[in-house]
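Everything on this sheet refers to the single structure shown next.
Labels for the chains are A, B and C, by order of writing; each one numbers its residues from 1.
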């Protein structure tokens, strides 16, 4: 190979490198533009009602001042229930797929069903939980809302934890087993920590997905104009409040809806930044 | 394997027995969770099937290929929402996959370390915006933007072309499948890019470093090492996004126009399966109407099934060609 | 996993806190249209009596389905159920409050109330038979207006809705072609136009598209200062949408002879009646599982019908006149077994 050709090849490789990485940077900017645009709209519209009252007063009827306290607390409880039901099952199922059932036909079936259910319209899951919980108990409840949200986040958690655990190098596993660790300790002490970021991302994506979901709550938790922390009652929650207020004719309800959206977005931000920071400190 | 290890290196007896019991317990727990997932999610699908069966019986194969949707005459057929679902999701993935890939590459290869955290958090934030806000933003901000700038441009630039022109003609209203597809893309990007970024960081450093040591550029490392190593997981991330795009309801209902007449143009109002269910379910006033909407939900499963099966086949063929 | 443990603890804490001061609470669900006024009444009533009436808008169809499934104490619907259906489900039905559906337009140079329309013309526009604003049929109703040669853009609801039900019910009454080709329902197969999600979506599209016409609830017209139209009523008079013309429609409707108040108030006969007035109906069990809760609900509705009139008016709804309220209370007495 002549040195001129080598140099030309070298230059071409460098150009391709720059083009590729430049395109990646542009893609990131493209993503950030939307973020700024949408967040800017939310901030602009939500800042007006984003004050102390938002956290201290109940959802008001039209024509009165108020906040979202009951909805904030209700949402926190329902989402916590969703996480409490969904995360352990999801991570354990992912563990089963990646560690125990790897390569079996059953695992493939479960993966396939899981993938299909990623696209189940959330209203459909709401209707399923309605038939499963609301109809037998005879009333809407926070419990039902939690179950519905768990079902919405479950496929996301299963998918991501399965994927990331499978990417943990086999050498790590073998090293742990060679040291005499039983398989379950190997999974808990070696595989989970190695796949930690991915699992946490899955859980965070799951939380992000359920925190804004209106449809599965409409027929399960319903909503509540009043204060309640008892999940046996219909429970207030931010998404349904946003939905109802945003589609109403009243300006003051509109600004509360935007403020609720802003709050929810901020919570997801704090959660994802916080979880990542905590991971980094421990790791 | 653990048995042989224990024979050669006998640990204290109490610990061994606890380990074995723990192993069985853990295994059963994980298996139960997996089975529970299968049962719960399978039951959802089955419930949809039984719920929609009367409509499928009543309308037969015509339900899949007909275009009329008449709640008054109680005649339902689903071609328009099927078409809209596929087209909007395709537009969304056409935009979201390359952009997400770019973001993941930027975050793992290009950006200085101090930039990575904030940018990753910012992109993830897009996933936290409630979908009704995407809808409201779409209706009040993005639709006017499309109507004033993008649609007229597309109509003028591409409208006169043969074949493609049909896709980009029509009055510039700003609503329609293109707008919906773009908004879906924005909603899907954080999901796809987060998974891609996470699996990119899981590539063993030794692999990447040996490629660098051979003189590979960063781009070549991404193409030649990172992408092949993570391919199935990347495809998994894309499915995650596709699933979201196919099933997303609230945002789409605001910008899609929800017309039940068939139109080939991307600038014309369309419909999607999820949007039709969300729009009409709470007010459906006859049994067959409700059953038809549930059948639509089941249809979404079928559409997803076909799309997934096609993708899996493609993956298999790709793997065979590479002889791995 | 410590995170998960905290969450579990929180969840358990919630479950155990059942005993905290729980005022009596009843639940209702249904019509989106009535949601603002019901939540206002509820807040006022809770302040007065401590009884909490939790009403949630899930759509009229949802309200009917939920009361039939027995998951709520009452349902609310913009469309009445037929007496036969009520009997079959063991339900009672009574009207609660009135509103109106108003055609709104976006025409350059046309101010609110300038444009006059009749039922048949409105039907022809939504059928796509009248395509231009300077059509002779429109010009005939508006001799004083100079209407442009502009294409009419039709905007309708994309979601199923009680607003649509009342609107197309009216069109079916005044136009045989509409009745034949489209008919009535909470959603229909629209011959033309684009669909907006909710009143909000229709209002946004009408404001955006020049030459468009749509229909929204009265409160939206007022709150968003939209260009409403005068409508010709059954007596041949042009009336503006207002509390007075809605009330005139309610007064001229023959409630006394409507079994279970099964009556859709569109195209009401009164001289000053607005033709597309809409009624919200409440559905409750005749033999409730828990008569005490049923009584709580009826007490609340008695308060709403008798004392909540000013509240309703302040939110652009119209309360029922006293004679109808008396009929409603007599109906309760005869039909609902609440203690």
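Methods note: a residue touches a chain if its C-beta (ideal position, glycine included) is under 8 Å from a C-beta of that chain, and two chains touch if they have at least 3 such contacts.
Not measured: the values here are computed from a predicted model.
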Reference subunit A; chain at largest CA-centroid distance: C
Highest C-beta pair count, chain pair: A-B
Centre-to-centre distance between subunit C and subunit A (centres being mean Cα positions), rounded to whole Å: 36
Chain centre separation in whole Å, for subunit B relative to subunit A (CA means): 14
In subunit B, residues with contacts to at least two other chains: 140, 278, 281-282
Residues of subunit C whose C-beta touches two or more other chains: 58, 62, 200
Junction residues of subunit A - those touching two or more other chains: 88, 218, 246
Residues of subunit C defined as touching subunit A within the complex: 4, 7-8, 10-11, 14-15, 17-18, 20, 22-23, 25, 27, 29, 32, 35-37, 39-44, 46, 52, 54-58, 62, 69-72, 198-200, 217, 219-220, 222-224, 314-316
List of subunit C residues in touch with subunit B within their complex: 58-62, 64, 79, 158-162, 182-190, 194-195, 197, 200-201, 204-205, 208-209
Interface residues, subunit A side, partner subunit C - complex: 60-64, 77, 80-81, 83-84, 87-88, 134-135, 138-140, 142, 146, 218-219, 222-226, 228-234, 240, 244, 246-251, 253
Subunit A-facing residues of subunit B, complex: 1-2, 5-6, 9, 11, 19-20, 22-23, 25-27, 29-34, 36-38, 40-45, 47-48, 98-103, 105-107, 109-111, 117, 119-134, 136-137, 140-141, 186, 189-191, 193-195, 198-199, 201-202, 204, 217-220, 222-223, 230, 232-233, 236-237, 239-240, 242-247, 249-250, 273-274, 277-278, 281-282, 294, 297, 300-301, 304-305, 308
Touching residues (chain side subunit B, partner subunit C) in the complex: 68-73, 135, 139-140, 143-144, 147, 173-175, 253-254, 257-260, 269, 278-285
